[in-house]
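Common to both upcoming complexes is chain A, partnered first by chain B, then by chain C.
For the complex of A and B:
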C-alpha cells in the first residue's frame, strides 16, 4: 500500500488501528443486528473513511441459546431435537452429524435404506440452503426479484420435507439409529416435479443474474481470497473451492452413500464474490442431479431404523469422536465426548461460519465500499447461529 | 461484458405474466401433509397415564394432570398429559415412545387465540377441531424406541418337565437381566398395582446398573421374601406393565429373582446391615406363612421380640406345602425364611395353637397377637361319593409330595377346579406319569389360575374339560371311580362379573379314573379359638378385619390369606407388612 493511500486509514500502533473519531476523518456505523445487509443476528461495527471501510469488528451474542450446554443436560435422544435448531436454513446437517457421532460412540451401524434417506435429506437441505443464499446474494446487490423466485422454490422443497419428515423447517428426521420414517406414497413423483421447477428457476437465474452486467461489475473482485488464506484462516466449502482447492468431504472422505453417486468437485480460480456465485450455482445444478440419482438408485425396501437401547437410559461408552459432513457452507463437524453416562459430557459444534463470518470477513472488508459490504458478507455464505450455537 | 449482459436482466419481466406461487387465504385449503407434526391428539381411553411422554420431553412441555371423569384404577394412574405449547418443540418424541399408542399428532396447524393460557391444554379432554383428524404424525407400525420383546427365559421343555421336580425356569444371566432391565420405562404403574407396592422401577434400575446390593435392599423395604416371590408371584404388575399394551411386559418377576439369586444368604447381612435394638415388647405370630413372616420381619426391624407358632415342621406355609418344587425349590424358600429368622426371631415348629398351646395363654402372655394361619382346609364339592376311597384334595396331594410321602395317583386322574392348586396338583400328577384331566365348571379364560400355569399344563399334555359341573362319584366294579358330571351353559352376569355356569339338565357324562383330586378352593380353620372369642367373627369362619388388619379385640390382629381377597403370596406379604405397621401403631399409642 502506498503511503498516499495510507492517509485514509487510521494510524497503526503495535499493529492495531487507533481510530480518533474527533479527527473527523472517520465515521463509525453499526450494521446490524437488525439490518437486511447482515445474514442473521450479527452486528458489524464498521469504521468508514468516506464510504470506504477502514476497519470492521464483528459482534456476536444476539442469538446465543446455549445449545452445546443444553446438550450436556439432555439424554442422547433428546439432544437430537435440539441440534437441528443450530442452523435454520440447513438443519439436516446438524441432525446427521449428531446422529453419526452418537452412533460412532455407541457402535451402532445403521441400515442401508437409512443411509440413502439420510443422503437424500442432506442434498435436499443443501439445495434449499443454496436457493435461499442466492436470493440473499442477488438481494444484497439490489436484485430482490431473484430472491422471490428462489425462495419460492425453497418453499416447495420445504413441502417435500414436510411430506417426508412431518416438519417444514425443523425436520427432526435423522435420529440416532436411522431415520424416523420411510418414503411416503407419491413422494418420488413430487420430488421430480419440484426438481423440474428448480431447474426452470435456475435457468432463469442464470439469464437474469449471472448474465447481468450490474451484478457482474459489482461482484467482480469483491472479497478476493488468496490460496494462502484458505489454510491460514481455515476456509472451507465453496469459498475454498472458488480459490481452486478441490476440497469436498463428500469426495475426500465419503460418508453415507456418496461414494456410490456420480459427481465432481466443482472448483474455480478467481476466488471473488462472482466466482463463488458461479461455484454455488453449479453446485445447485449438481444437487438436483444428486437428488435424482438418489431417488433412482435407492433400494425400495428394507429397514430404515435400527433398534437403539432404551432412550430413557441410554448410556454410551466413554470415548470421543469428531464427525464431519459437507454442508452447503463447507465442513460441518461435531466433536462429541462421552464419559459413559446417559448425557454427553461435551458437544462442540464446528460450523464453517465461525471463521467465515468473523476472521475472514474482518480481513476482507478492509477497503470495501460500504454499499458492497452486505454482498461481501453474503458471498461468504455465513450463518451466525453456527457461531453462537 | 457483452451486449447480452445488458439485455438479459429484462428477462425478469417474463415472470410478470405467470401465476403467483403464494396460497391465498383462507389457509384451510392447504392442509398439512399426512405425516405433519401438528397439534396433539390423545385417546383418553387408551392412555394409561404412564407419563413416559413427560419423561422423554426435553422441554418439560408435558406434565401429568388429573382429568375430570377419569379415575385412578388398576393399571391407570388416572392422570393425562397436559401439553404446554409455549414449550413444545414439536419433535413428537412423546408420540414415538407412547407405549399405548394413544398419543398422536394431527396435521392441523392453525390455532389462534388472544388468551395465551389456552395453549396449555389436555389433548382429548378439551374438545378441539382436530380431535377427529385422521391424518398427522402417528408412530409407524415397525418403529419402536423401546424393544417390544422381552428377553426369552430359558425353560425346561414339557418333556423334560414331566420327568422330574427340577426347577423348570433357569433364570437370567447378567447380560440377559441387564438387557431386560433396559426395556423398563420406569413409569411406576406396576408399583401401584403390586399389592406390596414394591419399588419395581427402582430395583429394575439397580439390575440395569449392576447395583445388586442396592436392589436387594430396595426389595426388602417392601417384600422380605424376594427369592420366593421372584419365582411364584402372581405378577399382577406384569399384567399392568405399560409396555404390555403394544408389546410384551417387562419380566419383572424374573428380574426380582435375578437380584435375589445374585446374593448368597451369607452375604445378606453385609448387604443389609440391620441394627436392631429391642424395645422389650413381645408379639406372638400364629403361622409362619408369607404373611406371618413378613409381619415378623418388619416388626423385628422395629425392635419387637417376636415368637412365631408354626404347626408344621418348617415355615413357608402355603408356599411350601402348596407349591410344587419345580416352581419353587425348597432351598430358595429356606433362604428367605432363614434370613428373616436370623434377625433374632424365635419360632416354635410343630406347635399347633389350640392343641399344643392354648390361644388364651398366648393372648395373655404377649402384648399383641397376629393371626396369619392361612387357608388350609379344602372346600368340599358337596356331592355324593365324595368320601369314597380314591378321593383326595389338591392341598393334600401337594402337602404329601412336599413331605416326601407317596400319593397313589394310579393311571388316570381327574382334577376338579381351575385355580393354581388345581394346576399344581394336575402337573404334579403328570410328573408321576398319570393321565390327567382337569374339569372346570367355567371356561378356560375364567380360570383363576395364572395364565402361564394353564399354558404349561397344556404343554405337559394335561387335558381340560370345561363347563363341567360335578354331579356325583360312583365306585366301579374294579374299584375305580366313575366321576359323573353335567355340562353347563354360561349365563352372562353383567359387566365386570364372571359369567355364571348353569347346569343343562338331562345330560350326564362320565369319566372313569383312579383318583379324583378336588381343588375348588379352601378356607380357614379357626377351631383353635375358644368360644370366648366369638365376638371376633363376622360370620362362621370369617373374622371381622378392618383395613388396618385389626379385629374387635385390640390386641388381636389378623393378616395373610385370611385377611385379603386375592389370596396370593404377595398380598399376604403386603398384609403382613400392613399388620406390622398397625401393631406398631397400637403398641406405641397405648
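For the complex of A and C:
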C-alpha cells in the first residue's frame, strides 16, 4: 500500500489500528450472524471508511454447544451422534476421522469393502458440500438462481444418503470397525441417475456463472492469498491449491482406497476468489468421476464390518493420535487422547475454518469493498460450527 | 523420520518418543526447550504447517499437557511436541510470531483452560464465551451438571420421568409397579 493511500486508514500504534469513531472518518457496523450466502453464524465487526473496510474482527460463539466437553463424558460409540453435528454440510468427514482415530488407538483394521463404502460416502458428502457452497458463492454476488439449481441437486444426494444410511443430513453410517450396512438393491442405478443430473446442472452453472461477466469482474482479484501466507496462516484445501500449491491429503498421504482411484490434484495460480471458484468447480466435476470410479470398482461381496468388542464396555488402550482427512474445505483432523478407559480423555477438532474464518478473513478483508465482503467470506468456504466445537 | 529425530535429539533433550504410525511421532520436551525446538523444526526441518495446538487436563498429576502438532509438506510427516506445564498459574510462551494463526488457538486455550500466553494478540478478549464468571469450562474440575442446574431452570409445567419406569408403565399399564 502506498503511503498516501494510508491517510484514510486508522493510525497504527504498535501494529494495531486506533479507530477514533468521534473523528467521523470511520463507521462501525456489524454484519451477521446472518449473512447473504451460506457462511453460517459468525459476526463481523467491520470498520468502514466510506464503503471500504479498514478493520475487521470476527466474533464467534453463536453455535457453541461444548461438543468436545460432552465427548469426555460419553463412550466412544455414543460420540458418533455428536461428531457428525460439528459440520452440518459435510458430516461424514467427522465420522470417518473420529472412527479412524479410534481404530488406530484400538489397533483395528477394517475390511476392504468398508473402505470402499467409506470413500463413497466421503465423496458424496464432498459433492453435496460443494453444491451448497457454489449456490452461496453465486448468491453473495447477486445470482440467487444458481443456488436454486445446485441445492436441488444436493437434495437428490441427500436422498441417496437416506437410502444408504437412513438419515438425510446426519448419517452416523461410519462406525468403528467399518460401516453400518451394505449398499441396498438398486442403489448403484440411483447414484448414476443423480450423477447425470449433477453433471447437467454443472454444465448450466459453467455457462451461467463461470462465464458471467459480472461474476468475473467482481470475483477477480478479491481476497488474494499469497504463497507466503499459506503456511503462516495455516491455509489448506482449495484455498491453498488456488495459490498454486499441490496439497491434497488424498494424494499426499492416501487413506482408505484413494491410492486406487485415478485423479489429479487441481491447482491454480491467481489465488483470488475467481480462481478458488474455478478450482472448486473442477473438483466437483472430479467428484462425479471419483464416485463413478468407486461404484464401478467396488467389490460386490465381502464383509463391511469387522468384529469389535462390546462398544458400550470398550476400553481403548492408552495413547494419543492425530488423524486427518481431506474435506471439501481442506484438512480436517482429530486429536484424540485415551487414558485406557471407556471414555476419551480428550478430543480436539481441527477444522479448516478455524483459520480461514478468523485470522485469514481478518487479514484479507482489509481494503475490500463492503459489498464484496460476503463474497469474500464465501470464497474461503467457512463453516463456523467447526470453530466453536 | 528417524534422521530428523536423531538430529532433534542431538540438539534438544527429547524423551518419551512414541512412533504412533509410520509418518507420525510424538515426543516430550521440557517447557524451556519447547519453543526453540518448534522454531528449529519450522526453520530447518521443513515443519512449516502448524496443524493444531491442543491442551489436555491431567488434574490428577496437577499438569496441563500442551501438544503442538506440526506437519512437513515435503516428507508428509507429522511430529507432535508434548509440553507439560503446571496446572496452578499455567503460563506458556506464545508462538504467534512463528504462525499468525496461533493466536486463535492461544486465545481459545486461555478461555477454555485458563492457560496464559503473555504477548499473544487479543489474549484477554473473550473468544466464545461472553461474560463468563466461572472457572475455565474445559478444565476437568468444572462440573457441567452443577453449572447447568444452578444457571438454568426447568420450564414450568415440564415433567421428567425415569425412562425405565415410564416405558414399563406404558407397555404394561395393568401390571402393578414394583
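Basically, the second predicted complex is superposed on the first by the 387 of 389 C-alpha atoms of A that agree within 3 Å, B and C clash if a C-alpha of one lies under 4 Å from a C-alpha of the other, contacts with A are read in each partner's own complex, and residues count from 1 in each chain.
Going forward, a residue touches a chain if its C-beta (ideal position, glycine included) is under 8 Å from a C-beta of that chain, and two chains touch if they have at least 3 such contacts.
None of these values were measured; they are calculated from a predicted model.
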| task | Specify the outcome, clash or fit, for chain B and chain C once both structures are aligned onto chain A. | result | clash
| Of the two partner chains, chain B (first) and chain C (second), which one does A:312 touch, if any: first, second, both, or neither? | first
| Regarding the shared-chain residue A:170, is it in contact with chain B (first), chain C (second), both, or neither? | first
| query | Is A:96 touching the first partner chain B, the second partner chain C, both, or neither of them? | reply | neither
| said: If we overlay the two complexes on their shared chain A, which of chain B and chain C does A:231 touch? Say first, second, both or neither. | reply: second
| field | Stretch in clash, chain B with chain C, out of 4-12, 40-48 or 58-66 | value | 58-66
| query | Along chain B, where are the residues that touch chain A in the complex? | reply | 1, 4-6, 8-9, 11-12, 14-15, 21, 32-37, 52, 55-56, 58, 89-93, 96-97, 105, 137, 140, 142-147, 182-186, 205, 208
| query | For chain A, which residues count as touching chain B in their complex? | reply | 74-75, 77-82, 85, 145, 149, 152, 155, 159, 162-167, 170, 172, 180-182, 184, 204, 207-208, 211-214, 216-217, 303, 305, 307-313
| note | Residue positions on chain C within touch of chain A in the complex are 18, 20-21, 23-24, 26, 48-52, 54-57, 67, 69, 73, 76, 78, 80, 99-101, 103-105, 121, 126-130, 137-138, 144
| message | List the residues on chain A that touch chain C in their complex, please. | response | 16, 60-61, 64, 66, 68-69, 73, 104, 231-234, 245, 247, 252-253, 319-322, 324, 331, 333, 335, 337, 345-346, 348, 350, 354-355, 358-360, 363, 388
